[in-house]
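Chain lettering (A, B, C and D) follows the sequence in which the chains are written, and residue indices restart at 1 in each chain.
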């Protein structure tokens, strides 16, 4: 029995960049914060920066229940019990709900053990369960709402291991921006890095997802985003009714919520333009039809149709209209977002809290995400919710996109 | 022909507190901004503050089309053509869309003229059309999405008049807060006024709608809102999945997103509590069932069930779960919000941008609205969108609700 | 006696764009808010937009004291008693303080009456007193701290008239931005207008004052501001120790508070660079000496020396060092700011709350001011304090200056 | 020679809570970021949470110069060369400036070695130099401006060691608030902890310093702060001219910048009250005189005089007046702040960016600081500048102070 009287013990091992990445301190912290104690039985520090370290830690707790709580908590940081066992499974007994005690996923790479084999979990997404197909010996993340009776669901933390996403060398440049949401950072550097990421993604045949809010239109940035789309830098666009409706209002009337975007004048009764634009789309039947009939001849949505950008307009309770293309059911919209974001390699979020957090919840930890917003609270909210891979840039949409297009087009000219 | 060569003219008259309320300057501005000019033919100023003023203004424009644009713009401010005519009607030719040229509503009291009679428009709401039942000689606002083929829709601005909501004497105290969104205002005064409004609404049998975000739970304010509900100060609650899920997590586990609300400590793996709380509700079938079965025994949602508060949980794409009670289709949720907010007399919005703007879009101009948020941008956005009756208080949720409950309960004790 | 029993009366007249500019409503409001009432005896509305209107209003109050309070309040809006009298003077009896009851100035054009003649007040500045030289029959604003015993100071509101600065046609484009501090405005338009203002000021031989904060350096914008200085677009620079110290650190070490501005990397121990840069200047004796000795060879301060930009570095309690050039006494710094800003025609404030408000307090109402800050609260604070002529642009410094330089240089190329 | 070709090496040792407190990862990071490499020669992990760990690390660099840079950088984190030597001293050759290469201090406990003895540095403050009195064998921090020719100044990092302030157990409760500046935290907990700190400080005879901005008055919180002062919870107050002037305006006229704080109404011409209040103080000669003569009979400044609170009013360039008590020279004000804050044990900063950062720069790392502001950027700025011990609470002043007083007075009643 150890000094603290914590007589329930289990050995766990942790390996990787556990010092470098602050993982070990977090694990030790978690143990003591939860009322446990620990003994570091073995510790090997990687001598160079690239070398992995290894720690063997005895976790001590005052009760079996507490011990399991601690093991569960630290397993999210990659601490795996030495005496490993297979994962436990329970059959779903209710449609759309997990069995009690289900294993709740993170957005980190995860494996489960079946018959002594470690199997990679597919469709990694946070806040899901893991269902297992015992025949094919495959496992994947599944949202609560999609559970069907009889599916085999992982229960508890035994037989589950997580590989926390360490600092990647190639992200080094990005890191600096992430240290805080301070606005006092050199912005030109950040813009150049985003441009380089867009350019590399296109060169390497990756997939860039832009998640955008209506400020792209209000701020007068339609032309900049249009140029990125025409240049092949955007494969997928997620937005709401507002971005599309403002964009179409701008294309049809030259205004956005009644403000003329060329000179900034307010057009009296111009706020009606917004509604008339939506009404016209509803009369025609949709954005694609409006483009095909020559009614819609410019703008972000026009470019999406013309350049085969895969888009989703997700509905919300504050929508006017909405446009016929909008998916008004939140669950259906989430499902489509999930499908369309599976193979995304770079995600640029611009001026939308709602859609950014929705997408941030779906992406695995290894997808690079840059979130641009003039309001620091959006960026803070994203990190608070576990989207740790998100680089936040607190800046203004129009000048940001204006400069971004210049940088991207310069790279393109340079590489031609 | 007038000096500016604007040979298309029409006389309009404006009456009411047109100086006091800045309406006349706005109208004259709108005329010249749109390229027209004006001649003030008659002007009678109310001598005292309560006396109405009257102006007869000739509007001049360079073309008939421009003239109509101007008349349309100024009609929203209450300028009605002297040579009045009936409103024009057109039958809807497409499901879910208005005829082109439909009259787009404001949130101000509106009347339309049919056979020389002025008829009040029911269900006043901004950004709708007006449909007329010629048999019953009634008219009401209808959202675009609800239009059915064959309905008679008001087209153009002729035969429509609007009564802008002037400064009401009884709102005088409120006004000061509205002058800007500055945080540098005496907060005790604002809190007392909100308390008085809640108290008066209950005394007079009015209906208070609370629109709330999850920060009510995060910030540790569940108890304060619960006391207001038990005291009979809340008749309706609009929220999202997040508020209810955090509230239930707090009731079941004592945490909110894994943070213990009694001491602020972070419970490792506590973020799972969030998902487990939702899963449990899905297993039981709903919040009411959880209360009836004794699973849920405290919190905001518990009090709603126990005190017959009419609630709506509207879904969004960032929801986890969601709870079985959540209405996931945005159009269906809007429809329910519309119904439940028809007879609301006071609306208190707390820490939610999405739901606040959604509700602000639905309420007529004469409903008092107070919007509380620590982020000034939420309040700015509400006013930018025409919810002029909104009083914004930039403050922090927990201390605000803590002080509000003290004030309300003191009034209650004082009146007993 | 009038209905409200307000038997103390005085007639005032108001003329100008009193409807257009909302002056009349404000005056009527002020009267009733202060417990008075009014009778509009005569009212002539200018028929066109450019024509002045005229109102003769009887102000009614319950006591002589209240009447004078009201007359004092509305005189700031340009309401002048009909039965005009000379201004009253009292000799200053204490160094550095006004006699009780002194007339407190606004930043609007002001005249005082002496021997039936109206005399223009020089050095217009808000929150000062007016001192009169009876021999030369001249008057000027004087700050409290500069009062000397025996000076003749205007007391009360009699014999003082104010000419509120109406909407100027040539500012029309600017107005739109001013309607609120919303970030949802087309930014390209705003940037073009600021560029045009800088360009016109240079063309017309005006004087542009830039008031800048250290974020100009942090954000990586030294080169942009340097180009504006070299182009002759900046005549005067007001800043604090921080801007200059960061700029010099950047010139000497390539960092700003230890962050490398070319790649964003944090240089360990680089925060020392800040202090070493200041120390080196102190050793050399000043910025000019450092330029002359070839130690300082680039940056904002270097360009100021090389291009004869008149600069002031005003100290504050958070300064490190400070640099030898810094004026550490706040009163002395105010005095210098006053002198250097007397003939400024355009003022561009960038990312500094403290210096922006300090300068805003000194400028008369007719100087165009543009205030750029990513934090809306800075802009709100400026307007709250009566700097009504300020156009606020909520945006990010680096992309703003980057785009501004492009626009200005394009205008220059176009005009060559 | 090691693999990276880094042939310049030196051994350093680090001990203490180096894992727990993230110090080791930071040091290893600093080495590689600066182009060096490392070999961990020995590593002993403390087995329990309270046990210190120890590491012996060989630092490798490509040049002697780079090696010294690295040693300098990591010495701030407590890494001390094994082959220790005495510190190097150089005589100051210029008034008000250090010799080039001076050791620049942190706000952590520091010792220097003289004749093989480690001597504690007094007056610990960041961004200073260390001067040594060889006769008394004492050392202390000295700001650049106070350097006198001939003083012995520590140069380089040899013979200097720093003891980074680890996580203190007794601060555990505070930690949670510090993890980010998110507004989504339970506020009641934070308020209770601040109350407990105020209470304990008074019980233990400590010294609480309040640094306050004018929002304390605007927001209607004068009474709350007055009660804390009367209760003996405030020993020292740092503020600017604005807080005192608003407070005195409120005491004399009931307004703050012309806003009545009891009902929120705006008093027309009430902005003059501000100036008249200051003028009256200037006529009387000072705040103490005004209290003694019965002119000033309530408010924060009144309570300071009556309860012997030691106050400093530091001037700034945006001050009106200023009050006679204001210290207008920034250097003199810093000097006084330094003296008055030497023995402070708890510091509560309320709604002032300028004064908070100024004070944060002066305090050693072991003084507890709580910074309350509704604007997250103030809190972010404080941490960005190295005031790591600062706990930021993003909340609204009035409800915060209202709740704080209730908590403190409840503790007082409970202990009586």
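The criterion applied here is as follows: a contact is a pair of C-beta atoms (placed from the backbone, for glycine too) under 8 Å apart; a residue touches a chain by one contact, two chains touch by 3 or more.
Predicted model, so just to flag it, every value in this text is computed and none were measured.
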| item | value |
| --- | --- |
| Any chain in contact with chain B as well as chain D | A, C |
| Interchain centroid distance [CA atoms averaged], chain A/chain B, Å | 33 |
| Distance from chain C to chain A - Cα centre to Cα centre, in angstrom | 45 |
| Centre-to-centre distance between chain D and chain A (centres being mean Cα positions), rounded to whole Å | 37 |
| Multi-chain contact residues (two or more partners), chain D | 183-184, 265-266, 375, 377 |
| Chain contact topology (line, ring, star, complete or other) | complete |
| Chain C partner contacts - residues on chain B that touch it in the complex | 3, 19-22, 24-25, 28-29, 32, 37-40, 43, 45, 47-49, 180-184, 376-377, 380-381, 383-384 |
| Contact footprint of chain A on chain B as seen in their complex | 30, 33-34, 69-70, 72-74, 76, 94, 96-98, 100, 102, 104, 127, 144-145, 265-269, 271-272, 274-276, 278-280, 282-283, 314-322, 328-331, 333-334, 337, 353-355, 357-358, 361, 375, 377, 386 |
| Complex contact set, residues of chain A against chain C | 173, 176-177, 179, 183-191, 193, 214-215, 218-220, 256, 259, 261-266, 374-375, 394-400, 402-403 |
